[in-house]
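Going by the order they are written in, the chains are A, B, C, D, E and F; count residues from 1 in each one.
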Amino acid sequence: MKIKLINPNTTWSMTEKMAVGAQRVLASGTELIAVSPAFGPPSIEGWYDDALAVPGMLAEIKKGEAEGVDAYVIACFGDPGLYAARELAKGPVIGIAEAAMHTASVLAPAFTIVTTLARSRGMIWHLAERYGMQRFCRNVRAIDVEVLALEEPGSAARQRVVDACRVAIDVDGAEAIVLGCAGMVDFCAELQQTLGIPVIDGVTAAVKWAESLVALGLSTSKRGEFAQPLVKTYDGMLAPFSPGQTG
Amino acid sequence: MKIKLINPNTTWSMTEKMAVGAQRVLASGTELIAVSPAFGPPSIEGWYDDALAVPGMLAEIKKGEAEGVDAYVIACFGDPGLYAARELAKGPVIGIAEAAMHTASVLAPAFTIVTTLARSRGMIWHLAERYGMQRFCRNVRAIDVEVLALEEPGSAARQRVVDACRVAIDVDGAEAIVLGCAGMVDFCAELQQTLGIPVIDGVTAAVKWAESLVALGLSTSKRGEFAQPLVKTYDGMLAPFSPGQTG
Amino acid sequence: MKIKLINPNTTWSMTEKMAVGAQRVLASGTELIAVSPAFGPPSIEGWYDDALAVPGMLAEIKKGEAEGVDAYVIACFGDPGLYAARELAKGPVIGIAEAAMHTASVLAPAFTIVTTLARSRGMIWHLAERYGMQRFCRNVRAIDVEVLALEEPGSAARQRVVDACRVAIDVDGAEAIVLGCAGMVDFCAELQQTLGIPVIDGVTAAVKWAESLVALGLSTSKRGEFAQPLVKTYDGMLAPFSPGQTG
Amino acid sequence: MKIKLINPNTTWSMTEKMAVGAQRVLASGTELIAVSPAFGPPSIEGWYDDALAVPGMLAEIKKGEAEGVDAYVIACFGDPGLYAARELAKGPVIGIAEAAMHTASVLAPAFTIVTTLARSRGMIWHLAERYGMQRFCRNVRAIDVEVLALEEPGSAARQRVVDACRVAIDVDGAEAIVLGCAGMVDFCAELQQTLGIPVIDGVTAAVKWAESLVALGLSTSKRGEFAQPLVKTYDGMLAPFSPGQTG
Amino acid sequence: MKIKLINPNTTWSMTEKMAVGAQRVLASGTELIAVSPAFGPPSIEGWYDDALAVPGMLAEIKKGEAEGVDAYVIACFGDPGLYAARELAKGPVIGIAEAAMHTASVLAPAFTIVTTLARSRGMIWHLAERYGMQRFCRNVRAIDVEVLALEEPGSAARQRVVDACRVAIDVDGAEAIVLGCAGMVDFCAELQQTLGIPVIDGVTAAVKWAESLVALGLSTSKRGEFAQPLVKTYDGMLAPFSPGQTG
Amino acid sequence: MKIKLINPNTTWSMTEKMAVGAQRVLASGTELIAVSPAFGPPSIEGWYDDALAVPGMLAEIKKGEAEGVDAYVIACFGDPGLYAARELAKGPVIGIAEAAMHTASVLAPAFTIVTTLARSRGMIWHLAERYGMQRFCRNVRAIDVEVLALEEPGSAARQRVVDACRVAIDVDGAEAIVLGCAGMVDFCAELQQTLGIPVIDGVTAAVKWAESLVALGLSTSKRGEFAQPLVKTYDGMLAPFSPGQTG
């Protein structure tokens, strides 16, 4: 089966890191396609970035449909455009925040999400509510580091993640940690070792979930809310995004 | 004061209809600018359309900032890109679903929203939850008519709205009606007359709320979640959307 | 149009202060009538005071109906008797807690309410829930000062409000402040200047909302819960409150 | 011990009926005082009546404190002034809606409340939420009969209650019935016999709960929200209600 | 009437202590039967113990049915097997956590539960949610002492309970305390004296509630969820538990 | 890896059917052990059966720990003893109701659960709430057929499931179906074909999720609520269940 991992920002080094992480957990026979869009924000740090990452992500879904992709993963912790993607794709589409939170909820009664910027906390709480995961989420803690700082070798960001996790355990009563940024995928195993509690990375969790859904013969319901977009012609520079007939 | 009414779809006849409705309720001294984006979907009927209406809407916010706009109204019942717009604008930004639901909640203990397509019901319930208005919303009823049918003279859509409202009163126990599509703005007064209960149109409600906020000297908090987007350079065709320095 | 501002306590200096604040934000053509009841508690500091402020407030609504009032504002942060008033009045009735919380919710993702006495916190949380605003309300902080202390020139109360707001920002993560007492109306602008985030006073917010509703041709639904009180004869000293025929 | 049952309306025949019902379930050694206020509405059918029943009810609490009452029951299904009464009384105060709903929740997973007028349904739902009982309450059904019709011998009201209960069982999936009006106290046993599921009357349930609390040595917490009203002088006709020193 | 108090653990000293406490509050004419099961865990400290205490408790219910018991109390703060017991028993069955939380909710707007082990906190929060009492529960605090330590004369556990209560009042804003372990029954009165706010012990509260329900002629609904277990034959060592015909 | 599928009832034909279904979706390299307990109820139809299925299920977990099992699936739609099992097992433990509901929630905005007996509906709603899945669950419909009827060749049960699903789509607005009984595992693919929307069987969904968790190196958090049961000696016939030292 073919799974397409879409990093909705344009920073290729991050996409590569995710691909490496994801490859490690794939079942034999699963092919992974990891991409970044050709246009849009290099990092997603707020609602404006999030909104403008969506067209590039959707362009990749559209391409994926032509490529015979079986399932998609949207690999930014804001799960940008998840429902729009579900309309467009035939196969299942999983967001990494979605996968990480659901996974944590079956491993521990309470988790804390550790993310990069404080301004993203509201968006993450919205997702927790939307997915029904609010009741498991004790806190969303920000380490106050810009997303791309995680990419810089030798940055202090990694230590700040560890520190935030320890506070989450002691103060929030967290019994698991959810990594709230796709760029943390490579910390995950080490962090779990250090902390002695489950540490969930959404990228790998989402890839495995997508793989399972395909194995189970399941896909997004096309009956109502996630039916194909209605056929119409968009205006101006977005004309290429016009939803067309599907056969 | 200057209020900018942004119809996020590109159908100018709808924008014009909204402008006419809004003009009627403005205080003296309020100037209304009503626009449609230069690009994007001609109607918004699902998550995909909604996502792709956002860039055009945000372009209009950006222009508005240069034009000295005091407050904005996003005039589609999905409130597309509302939080992204709040990051970008200095003045307040109100969505029409937001305005309509809040308004209905101070007039009646229970309302039903009447919208066009069934596939939009989920999105509207999400907004009701996000705004805290779920507890007042008894139902979201769809008349199963495409958005632009409301624009066709002599269409049966108007009667279907009346019929849906009557069912809402009898079956849902609705004591007020919220019109769930900006294109219904011109039905509002007549419908209220017919039904004998409050009928709330979001376009006019939002314009008045925006006007009040400016009069009160209030604006979006820029302290955290809605702070200006971080300065960065977007890639490819979205480079013109790169968030820049603001002075 | 005529808007009647009812301070449900009998302290006229407070009523006057509110009237001054409200006058500043009115549209041209709006006439404001500001009153206190002839009987009842001089300040409202708990459920008992709240309950006994209601008869005097309702007497003012009844008079207002004879005076041709278009809309009412109940100007105590417990919104005493709001639903009873909605039964009695033909025009819309807005509570200041209601107006302040709804307004804050469209300006910031999270607000804290700063009030006078700790014993009122429970009542305010009840209102937040009733209005659907609980999800935006991070905390209700009390400065532990009796309501009328706000009226004394040179009291330390003003500084305690500032201090509580700063703690709200730092500890609660509040991105806006709601003033939880009608007697704080004259602090509002200065406080907003000091704190750099929106500070919402319910009195002015409610008056503008009432004005907008009248401009929009909207009023309380009379279909069910808020229909006119059933005609009947009350006993004893409350006989003058007997709900009568309305024509 | 002395328990005071306060019917907050002035209809003595209803009070008498409740007293008869309550007497039947008292433990030996419990003395019941059943009263109606000297002033106020003869029946409570909406928010306005509810608000104006409170002063008379509070006057009875005040008298009760002088009479050495150990616990109070407020015997109208809107539980008018319950929290104000808790401030004033030293002993526990129970509302009949409160007692009935809590009781039903330990006997069945789901109940329906059968009340008199449709306009009271909103108020009852508010109480269900306030008491945490919303999750057990499947529906609030009104038989559309005025409260005092229950007092008329030979009225059809009794049959309408039975009919509503049967619909509640079949349509709502109710596994218990809560009688939503104090005036139904004398139907309770017969109705339970007829329906074969628990039928809970709030008057008797509240009286027994009050009795138990006294036996357990428990009373309302006076630490915060329900502390004695602050000492102050009320104006005008309500001066006799001024909260005074308690010793 | 006969009330059977089942301590679901096998520690008889604890059962005896509960019986002493319960005897003190019984009405004349009520007979109390206090038992521990013949098999199972000696203390219940987590989900595993909880699950394995249920068979022994159910065996006692079955015996009770033969003994003509009118109502049952399950006397462990996790309320183990409460719904299974409701299927089996003809009379009402009350859990002590259930009774304590409901009781606290009519005495104070907010309570904190003080329990023994931190690992039980999640289970208690589940119960608070299930009973609708979450909105009154500010916190569940653990004193980190094993359940049976409460049985040892001279242990420091009693002081730790007092300390936890004081923190609950100061930090959580608790206005009442719920004792979160049946083994604390004998602290209750003294603790209430010390703290000056209501302290609720579930054992006595449950016994009185059970007694009231019997006096009111009320019992568990047998219409749906709590109908008698379907007749069938269990396998192996649990064959004696097979649900049989009841006549 | 070794995954142990525990059917908590003693009906081996059902276990076998589940094993067949599960085998079909396993990744290469996964070994499945499917068992029924040696003692307990032959079917689980209510809270009493559910409670008494737990000891047998836990005995299988204990054996599994000795057998080197990597993850467990509890294969009854009431997820009996899930949290007790999490305390006992080192690897992850997934319930089939849990897996089915989470899975459905990423495929459709709304699902209905179709189960066997009406009396189980309450238990299933409890699980939906506990897992945060209530917001996706539109209804729990019962076909009123005993669990073991699904095992009889030629029974009408299968058609009743189809009928219930169609009503779920039309009346509840379900966009996916969750099969609410482990015994329906063999209907799943055919039903999905017939209905044209996703049909989720919990047995296969849980097995794939368990497999993914092991691949991801994730397990139940042992930090708090799900730590190993405390070492102690149980009394009587349950002595063999005494939690022991683990090394």
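For this structure, a couple of remarks:
The definition used in the following text is that a residue touches a chain if its C-beta (ideal position, glycine included) is under 8 Å from a C-beta of that chain, and two chains touch if they have at least 3 such contacts.
Owing to the predicted nature of the structure, the values given are computational and were not obtained by experimental measurement.
Subunit D maps onto subunit F through a rotation of 120°, based on Cα atoms and reported in steps of 5. Greatest centre-to-centre distance from subunit B is found for E, with centres as Cα means. The interface in A-F, C-D or E-F that matches D-E, meaning over half of the contact pairs are the same by residue number, belongs to A-F.
Chain geometry summary: the mean Cα position of subunit B and that of subunit D are 44 Å apart.
Centroids built from CA atoms put subunit C at 28 Å from subunit B. Remark: subunit A and subunit D have CA centroids separated by 53 Å (rounded to whole angstrom).
Contact of a single residue of subunit F with at least two other chains is seen at positions 109-110, 122, 224-226. Considering their complex, residues 25, 27-28, 92, 94, 98, 102-103, 105-109, 131-136, 169, 173, 175-176, 189, 192, 196-198, 200, 204-205, 208-209, 211-213, 215-226 of subunit D touch subunit E. Within the complex, the subunit C residues that touch subunit D are 10, 37-43, 45-52, 54-56, 58, 81, 83-84, 86-88, 118-119, 121-123, 126, 129-130, 146, 224-227, 229-230, 232-239, 241, 243.
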